[in-house]
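Working notes for the structure below.
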Amino acid sequence: MLLHLSTWQEVETYLQQSQGIIFPIGSTEQHGPTGLIGTDAICAESLAHAVGESTSAMVAPTINVGMALHHTAFPGTISLRPSTMIQVVKEYIACLVKAGFTKFYFINGHGGNMATLKAAFSETYFDLADLHIPNADKVKCKVGNWFMCSSVYKLAKELYGDQEGSHATPSEVALTQYVYPESIKQATLSAEVAKGHRIYSAANFREKYPDGRMGSNPALATPEHGKQFYDAAVKELSNDYLKFLSEE
Amino acid sequence: MLLHLSTWQEVETYLQQSQGIIFPIGSTEQHGPTGLIGTDAICAESLAHAVGESTSAMVAPTINVGMALHHTAFPGTISLRPSTMIQVVKEYIACLVKAGFTKFYFINGHGGNMATLKAAFSETYFDLADLHIPNADKVKCKVGNWFMCSSVYKLAKELYGDQEGSHATPSEVALTQYVYPESIKQATLSAEVAKGHRIYSAANFREKYPDGRMGSNPALATPEHGKQFYDAAVKELSNDYLKFLSEE
Amino acid sequence: MLLHLSTWQEVETYLQQSQGIIFPIGSTEQHGPTGLIGTDAICAESLAHAVGESTSAMVAPTINVGMALHHTAFPGTISLRPSTMIQVVKEYIACLVKAGFTKFYFINGHGGNMATLKAAFSETYFDLADLHIPNADKVKCKVGNWFMCSSVYKLAKELYGDQEGSHATPSEVALTQYVYPESIKQATLSAEVAKGHRIYSAANFREKYPDGRMGSNPALATPEHGKQFYDAAVKELSNDYLKFLSEE
Amino acid sequence: MLLHLSTWQEVETYLQQSQGIIFPIGSTEQHGPTGLIGTDAICAESLAHAVGESTSAMVAPTINVGMALHHTAFPGTISLRPSTMIQVVKEYIACLVKAGFTKFYFINGHGGNMATLKAAFSETYFDLADLHIPNADKVKCKVGNWFMCSSVYKLAKELYGDQEGSHATPSEVALTQYVYPESIKQATLSAEVAKGHRIYSAANFREKYPDGRMGSNPALATPEHGKQFYDAAVKELSNDYLKFLSEE
Amino acid sequence: MLLHLSTWQEVETYLQQSQGIIFPIGSTEQHGPTGLIGTDAICAESLAHAVGESTSAMVAPTINVGMALHHTAFPGTISLRPSTMIQVVKEYIACLVKAGFTKFYFINGHGGNMATLKAAFSETYFDLADLHIPNADKVKCKVGNWFMCSSVYKLAKELYGDQEGSHATPSEVALTQYVYPESIKQATLSAEVAKGHRIYSAANFREKYPDGRMGSNPALATPEHGKQFYDAAVKELSNDYLKFLSEE
Amino acid sequence: MLLHLSTWQEVETYLQQSQGIIFPIGSTEQHGPTGLIGTDAICAESLAHAVGESTSAMVAPTINVGMALHHTAFPGTISLRPSTMIQVVKEYIACLVKAGFTKFYFINGHGGNMATLKAAFSETYFDLADLHIPNADKVKCKVGNWFMCSSVYKLAKELYGDQEGSHATPSEVALTQYVYPESIKQATLSAEVAKGHRIYSAANFREKYPDGRMGSNPALATPEHGKQFYDAAVKELSNDYLKFLSEE
């Protein structure tokens, strides 16, 4: 059930049976010469929609810009500063808590969002607790990182071994190829790919990772692999969401 | 050209020929008993994609949550506070200015965004001017409100007369029906519809407009009307974007 | 009744009969070669005092700096950033709500304040609602733009036609001449006056509107016209305030 | 020279001979049963205008709301939070620094503003230094508290002795009586007046100082005394401003 | 009783007998050629621990960075901006108020903290009052500046006369020598020492006070003097704390 | 070399040979019935001082309050909100970057700080890059979590197995016992200890973990173990710091 394709009365009805909602959260950032700038949002959104369907959960609109400051030296990247992202998450949740939602499950497509999301949840719990908002004390948030699902991780290892890398990975590229087969990109990838550098400023990142990849070989990706990742992640995330919902 | 379906190298190439980018901006808010919560974002996004195609413009990911605080007493509404929305817009623009973009055209689907967007643009110009960001002095932002296009306005008048109203209007509902024919909603609408009340707090809004409509009769909407609105708006907004781009 | 010339006990007494208060709000910004930098505040203040008298309303101290970032390339302009102005308005209102005021009527002298004021009201309603403040749910704010009163508009049309323009207008200059006859300025105005340019950054504004006027011929202004505008606006705004007060 | 009664071209001319500007800053807060809510702003403004005249200095519009949170339990008080007031002061100064002003002299009518003004100046120097603003490194700010002028202090001691107190003092009431003789208030003042309590929250303040006075007997004030205070303060503040201006 | 060396259960027990807590607050800033960068924090901490012991009060961890923006042109200085320091103080207090503390006594080692602390307390009282926090209305904060104790002031006058100066003073250096005898520094001090300049920006400060001292001769300091200052301050601050605690 | 025991001239000299600085960062939060509230700060500080000595590095004052919002339902806990902590870290770093420092190594004693620190570093790199601050582009920050050192982890496993738990662990308690042998606490610990609950709000945390421990048995700790942890961590962190410093 997609929030943006529902009416408010349908939401009211939904709330009588569940107080859970799923937020797809991605990023708008460079993903190497062949990866889509929307990769993380596309992955999160497609998986969230499927998880929503399999679990009868409400799915909120996709948060398509996240914390990608370290990618901003590459054109096309858009990022929030962490302080702002914390505020945004807090306000999204506050609106929905007032309506009766209490369980917030974020299906996340971007490793760079994890720290800020964690900080945002802490600040949300704390700030809501001091306001006049019923049920604020019941609010619980959880992140499901699709790329860290054990089934996904295992599959990536089998298919790509060390060439999975850690950014602009063949697994995420494969998933976008499955979702948007008409947007499969071709580009010559250098055989050598930078890896192992720590992440500091945006300028430093681009200097160290000149084509945007981090140790990955996205040329290995295929839409068929994408479907495998999709199926594995949907299954695992659906179970995780249901488990989260059932926590008293 | 959709930013989220492009690579950073494609963006780099694009910037050599144009510094313009289109942002669809909507809202996630109640739209009466038959209107979709995502109405404003759906309209903005579908039009922006078509305008992008007709003008060869880059289109950024949709800003699907806007300023809808007055709708927050209806479940499903998500809103940013104006201060936060100003900050978000400023950060989106700053990232893209660093990459070389200077003309920002917002295709807007929600009247409630207009004041905050205007404030955000003023603050963006001012704050960027004091930072170390090349081309910050060239930044220009403009809003194109599809529902205020003269052709759209005229068509709505012809088709619906006074029953167009000002929120959950048949014109916007028609446009979403054209875009998402599988999500056309049915609900009994009272013959009487509230109108003419000024907007204050969320609680007051719901009290005054109990089913969420403001003077509108969305039952008049049809997907065919939606196509007419779509065509009219795409044409008019495309011209407006090109004119904006050509301003020296 | 002027707040700054009252005692707190007089305010306490006033609150037993009315919960309304009028805020004059202007701007401190260039108004062309012959317009006073305080034009907008002077107009708002003089009208607000008269409206207060005619309606027995409490009038707060004038907010003499508003949102004028686009004028900051001209010396003498002082502006708040929109985010700050939102915060300021919110805090003013919060203090007075705690005392028992619930109806806030802003007599506004500056078009550039409108968007930010609107955003400020939305944020005020929302933020107050979550705090421990009695009557916060009853708060209502409204703007009365004197220059948009229909009687004022009609009079300006009659007296100046197209030469009214949109900034440093003869109507507002006339009103300041009526209020401060000793401060009528003389300067040579070029026959040609810039008009029709959209507003972007401060630097761009000054480039496009080199003497600060926007399509206006303030040389047409006279103190006698000023009195006419004054009388018309006081009457119309008084009625509007009383209507606002009487809303249940 | 009053900024609000000047044109931008007059300001431009002024800047060729002086980079100094005077800001009157007061407060909108209870001043006991007979003191005006605008007392601090009225005193600051009247003195600043006279100092401006005697020193040929530009005088900015009065900041009529300051830091008076501890008075907010009395109706009619309006206050900024210190964080907001810091931001406001910083933005006022930034606008004027861009125009060429570098010496900011605040004629202050409210003891409660002193700490926040001091904090604001520190933050202003620091924040401006990192931005692209010419002359930011030359900015200097100073506060002249009229009630702390040695001549004023001595006179108050002579006229009122211990009955001067520390809030709603006869000296400040006298000054407002001189400026607004038509607004001299009468009220029965209890012979006993609270004094010596430390200032904590607004509720605590009202509990400790039930009629708003702090150890003062404003019944002693006369307009003639007011003139004496006025003359003394104008002379001393004018000298102080000129000394400040002459600092290299 | 030191908070950092207590368990939460010991704090729970303590709260049954007292709701007071002492915060040592210093600064991390240059203190001339022979003064330690931590001087203000060292003084505040050592005194606070002794005061805590003599009054059986809980002592919180030392706030070792304060408001020292004007010293930031000297290497090693770390400072918060006043707005941030206000926020920090407010959050520290809010956490402890929730636990039951209501009396906050700051033993302060740095004159530059005074204005911002005062602002912070005002904002704390005001902001807490609107939240859902029991006992928020009972919160009281007070600063005890050790260097302003009358006994300390008198002793410094006797020992150093005019050579006490106002920054990097022999009295504070002496106190650090008593606390950290192994960190007594030697450096050639010019006979001439700058004094009497007002404080503006950090760059201006360093220009006016090139070695960081303000009119002081810290070469006069001895650890024995330090002990005298220590004993005097502990006694006077202990009395002041107990008096503060006993306020109803 | 401890910053607080140095003079600014010693810092100036240090900067000629190194641009690195170590920040101990802990937390002020409950650590179960026998753990000190300052545990995390004590561990971080003692290790940082030793690492500083072994690597000739400058060590900044300890950040003794971190992100511990989830512990605030236990008395004695003090925490910053993540947004505030980000701002604090950013300001500390900005001051030191202006002085010439570029490598910031945080020795961290609290898992709850990790997400916020990571967010803070991203925001610092980004914000500094747009300001007028030399060397801002060279800034690099890194966290060394002592409790995640492989030698520490291995030792804890050997000594305590599963009874190490994840909060109020015997390893951290042992380290504080080694540092503060006079503050070893005794309390009856229930044999059963809560574990495995996810962390949400403070109230929820206390409900799930009623005595504050998370799966740990701190009764196993001894000061001798503490020394072993200390030696292992100092060695491993020293190597890590030197490696960080040597990154070009």
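In this document, chain identifiers A, B, C, D, E and F correspond to the written order of the chains, with residue numbering beginning at 1 in each.
Assume a contact is a pair of C-beta atoms (placed from the backbone, for glycine too) under 8 Å apart; a residue touches a chain by one contact, two chains touch by 3 or more.
Owing to the predicted nature of the structure, the values given are computational and were not obtained by experimental measurement.
Common neighbours of chain C and chain E, by the contact definition above: A, D.
Inter-chain centre distance (chain B to chain D, centres taken as mean C-alpha positions): 46 Å. Centre-to-centre spacing of chain C and chain F amounts to 53 Å, using the average Cα coordinate of each chain.
In terms of their C-alpha centroids, the spacing between chain D and chain E amounts to 29 Å.
The set of chain A residues that touch two or more partner chains comprises 72, 81, 87, 129, 131-132. In terms of which chains touch, the assembly is arranged in some other way, matching none of the line, ring, star or all-to-all patterns. Annotation, chain-chain contacts: A-B, A-C, A-E, A-F, B-C, B-D, B-F, C-D, C-E, D-E, D-F, E-F (touch as defined at the top). If you check the complex, the residues on chain C that touch chain E are 131-133.
Residues of chain C that touch chain A in their complex: 129-132. Interface residues of chain F, counted against chain E in their complex, comprise 2-12, 15, 28, 30-38, 41-42, 60-62, 64-65, 72-81, 84, 87-88, 91-92, 95-96, 98-100, 180, 183, 185, 187, 212. Looking at the complex, you find that chain D touches chain E at residues 67, 69-70, 72, 81-83, 86-87, 112, 114-116, 118-123, 125-127, 129, 137, 139-142, 198, 200-204, 247.
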